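Following: one structure in structure tokens, then a few remarks.
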């Protein structure tokens, strides 16, 4: 299969869906001629024009609010939020308005929009350009949340998001924009709520989201060399969450590590770990371990930044611990 | 009143405007009664006194034109065409309400008439209104959107963000600032520096101030601006000088610490939009006192009937609690 | 001991601290003459004047941002955010600015401010005036988060918050403003990170936050009548979280339910449950159960709203399940 | 230049202003080199071309006066008194940086000189600046705060929210809009409707536009406004017309799709603030060409020395990673 970058995959998904549905449009800062600072959208304004690839002033709450109203009245906005950290600016429009429109109107109205943004540290961008804030929106009922882990998912999940009649937030991993992966030429969609078993294993389950899927896969390789068979699962969407796949694996392996790049406390790892604990408790041989990003603002200095995010080595180390039942003594 | 250049040329239109104002006032009187008799859950914000604003503007709109409303939203809802029954059912949290009881007074919406809903976030609907206008441009429709909001909402930065975009893109949206002199318990002067219309003008948006107690003046201006917005000459800004008769919400009874009884009396007795319009209608020979009284009586009966109906109507079934979280999942928590 | 309402307790804490520290001031909407819509601040403007009890325009991001700058330069703002739901409007100033100031400056600057707001449903205020959003801020490193569960805590934690050199967010339960509790006349502070064992028990641990502490206490009474001895713990602050007290109880009773009024998914219950699972796993006889508010926007209709929040009966029911080991079959 | 009414009356002041402008330019040239030679982590935004703005304004301030800065913040930092060594150390993420390497270019701060920090959220410091001015009022100090921000940042609603409060409360803050014609890769005209100064005026704030390439004009205006703000006559608004020579950030090399090389050339050759001031200094006989060259040479050596130092300086110890999350917890994750 041909290989394309995550950036190209996003671009293709957008182009295909915009061709399919004339009510779609992209809105955000420097999305048109510049094609975003990451150059993800290059070529789209040439095909679809400035009426459908709309450059905005630097007014995130404003264009997010505009998108909500547009979505409520018959168009399908695809909002481009340059950095995931800016989500703090648009929380009101996203969470008080878009997320609740369908419910508050008793099902009469809806806000079918997509918010594309990103996550991920280690780009030397410091505390306000490096956050992974997907847990925040996952906490708010009414929003779906997708976390593509490769070019393949980026394309398939985005296409599904655009066709979804609900507000969907999709976080791309900034560090992965130039990473290539096999992506079919022919059209495909990836359904929401369907986890992907990236690697089959029998001893331990590594659940990774977004950027951490690769980390888990690398950890699994390290472990394989040591004779430990790790299963790696990518939930792909955290709302809805495919509990069944996660639980089946947990029941099979009896040991689970959940790895996510958001801050560990009050984040995604706690939710996934809790669901497994609640529903597979009597199958577990050890506590579900969580590995999130450190609970510190992301530091600029490379010497510090790199140690805030889980690494394959750290995951493997914890896996070994779980396997050796060292945890018993720790508890 | 503004006798020159009457915006509507036939009796029917005038009487409908009058009737709509009376419907709003009557709706509010009943809602207030429901609160006072502890039959309504929660609090609500009365529109009484501001009827000429909602009616003057909404009478200039088509059904497919959109409005966004506020926490003080019953007036906009009625003026844009809603029915008493579904409105009272919503206020009481009943299944037959416009939002199946899920929204209540602060989120009442009536999509069939283009009312995109009340909003409990002050200024929260400014983006939505601008977006609705964007849709019209995008889909090549000639719909106009009116964004209602209070003077207090002009403090929200969102307004400036969306006015900038509306001006840049010439969107068919009209920002209608209902300046009733107060934000909750604070006088507008104390929390708004400079000039409200100048703020819109600074973005290149044509802005007008108008007497919000004069339904003909409001309607006249609205007709002109709506027509121009429909032609692509928008956006526009209207500042409507008005007054709320009740407290900030139904529970705000002792309000002398922030405004005097004399001030309230003056507005009610000397500038009431319904009385003024009624006097004009009679003076111009458009309606007799009897016809007016008949309209009033009919509206009163309609309201009483709707209230009765709503009081006896069903609450939503508890199983509805996890419906409508998502469009495509019947019961999210099932 | 004399009893005062939670509202009076807050008022006293503010008055005492404002007398003690002339750099403190209150800022927010209708805080002066009106004393807030909840009338919590009555009398303060008379004592401290409009320079220290500052009415603002309806501009939450603006006055929150102003507070951050004020805090950074030598004053101690106490921000009054009328409804917890409006926190969505100020997330950028709170989470991108205040929370990170100390860290980003390498310890050179700080933002000692208090954000007072509220949480709690069942007031018939619908989806935008009823949310319990404390999990969101707890996820952001650099913010402390206090959840008073009675007038006593409201006073003691607020005084501590005002003296703290970090940004602190304190969520009061709106429904409790008129509830009385014994509060000493003499001055006292409640340290952060010290959970309070409200009731001692041996069979099961009920961890409740804020409004849910009373719910847990009532559940404990129901259970006591049935011969089940429940321990009730109030963490009081979720950042910092007093793990030791929670873990000690979990190890003792071997069964835990965590009850919180925020939405259940990706919220507070997941974090607390996970920490207990991780660190007391081998002492648990059953999975830690979580009970948050339903994952739905808060509906207006009383017929629906009341069922979205955990009740004493529901907690007792789950406790019985855990005791009867029904969970084994469920898992 | 503006020869009339020179704001500084002695040679020392003029030469310090000149020197500060050269220090900024030299700092940026070195930073750019560090990027090009892959010695600097991440990206950074160059201030070159805008030196007269930061220097003209900061030279009107006391050490205890405050400024807030932007993503394009090196110029403000230097102008407000910072040292090269700590600045380069910060840009390279070293322990001796102003923020112990935790902030980097986009969060560089220098509290000892009243610089409350750069900010990576466009417009994010507008509240902070207004709050710093609030502190001055609150504590009875006569400090003035200058809030630097770009033309693009005028789209952020926060600006209107805080200008409203600053105007209502007469806070000693000066909003300094560095209008360099672009927000990233977009021309300001395309994203700013109406007039920027009118937006401030609509809030009752006195606003001035000034040539941002003329350090004497900037300084003259700044001196007057700062003095008046100190007397309680604030707030004020300044729009400084300027230009950035480099791309939006150091990596923005091919920029012909949004602006022409001719335009860049014109600004650099005909309006360079350093060249203009230098010419004036020589023409007025304040400094000789040799003296000027000596200043330039000295600054160059200072910069090279500081860069060398920073390149060899230590990174922070990894144990620092969980320090400074809270003021009262040494290691949060210990």
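By written order: A, B, C and D. Residues from 1 in each chain.
Please note the rule applied: a contact is a pair of C-beta atoms (placed from the backbone, for glycine too) under 8 Å apart; a residue touches a chain by one contact, two chains touch by 3 or more.
This is a predicted model, so every value here is computed, not measured.
J.: So which chain is farthest from chain B, going by the mean of the CA atoms in each chain?
T.: D
J.: At what distance in angstrom does the C-alpha mean of chain D lie from that of chain B?
T.: Result: the chain centres lie 46 Å from each other.
J.: Suppose each chain is reduced to the average of its Cα coordinates; what separation in Å results between chain B and chain C?
T.: Inter-chain centre distance comes to 36 Å.
J.: Any idea how many Å lie between the Cα centroids of chain A and chain C?
T.: Once rounded, the distance between the two centres reads 29 Å.
J.: How many angstrom between the C-alpha centroids of chain D and chain C?
T.: Roughly 41 Å separates the two chain centres.
J.: In chain B, what residues contact two or more other chains?
T.: 99-103, 107, 119, 121, 124, 155-158, 161, 164, 168, 190-192, 325, 332
J.: Which positions in chain C touch two or more other chains at once?
T.: Answer for chain C, listing residues that touch two or more other chains: 56-57, 59, 61-62, 85-86, 89, 92, 96, 103-104, 126-128, 141-142, 294-297, 299.
J.: For this assembly, give the contact graph shape among line, ring, star, complete and other.
T.: complete
J.: Quick check: in the complex, which residue numbers of chain C touch chain B?
T.: Those in contact with chain B are residues 29-30, 33-34, 37, 55-59, 61-62, 85-86, 89, 123-129, 294-297, 299-304, 307-308.
J.: Could you pull out which chain D residues touch chain A in their complex?
T.: Interface residues on chain D, with respect to chain A: 41-43, 93-94, 99-107, 119-124, 152-153, 155-157, 183-186, 190-192, 257-258, 315-316, 318, 320-322, 325, 332-333.
J.: Which of the residues in chain A end up touching chain C in this complex?
T.: Residues of chain A touching chain C: 85-86, 88-89, 91-92, 94-96, 99-100, 103-104, 126-128, 135-136, 138-142, 238-239, 262-263, 265-271, 273-274, 277-284, 286-290, 294-297, 299, 327-328, 330-331.
J.: Considering the complex alone, what residue numbers of chain B touch chain D?
T.: Chain B residues touching chain D: 155-161, 163-164, 167-168, 190-195, 198-199, 201-205.
J.: So in the complex, which bits of chain D are touching chain C?
T.: 66, 68, 97-103, 107, 109, 111, 116-117, 119, 121, 124-136, 138-139, 145, 157-158, 161-162, 164-165, 168, 323-329, 332
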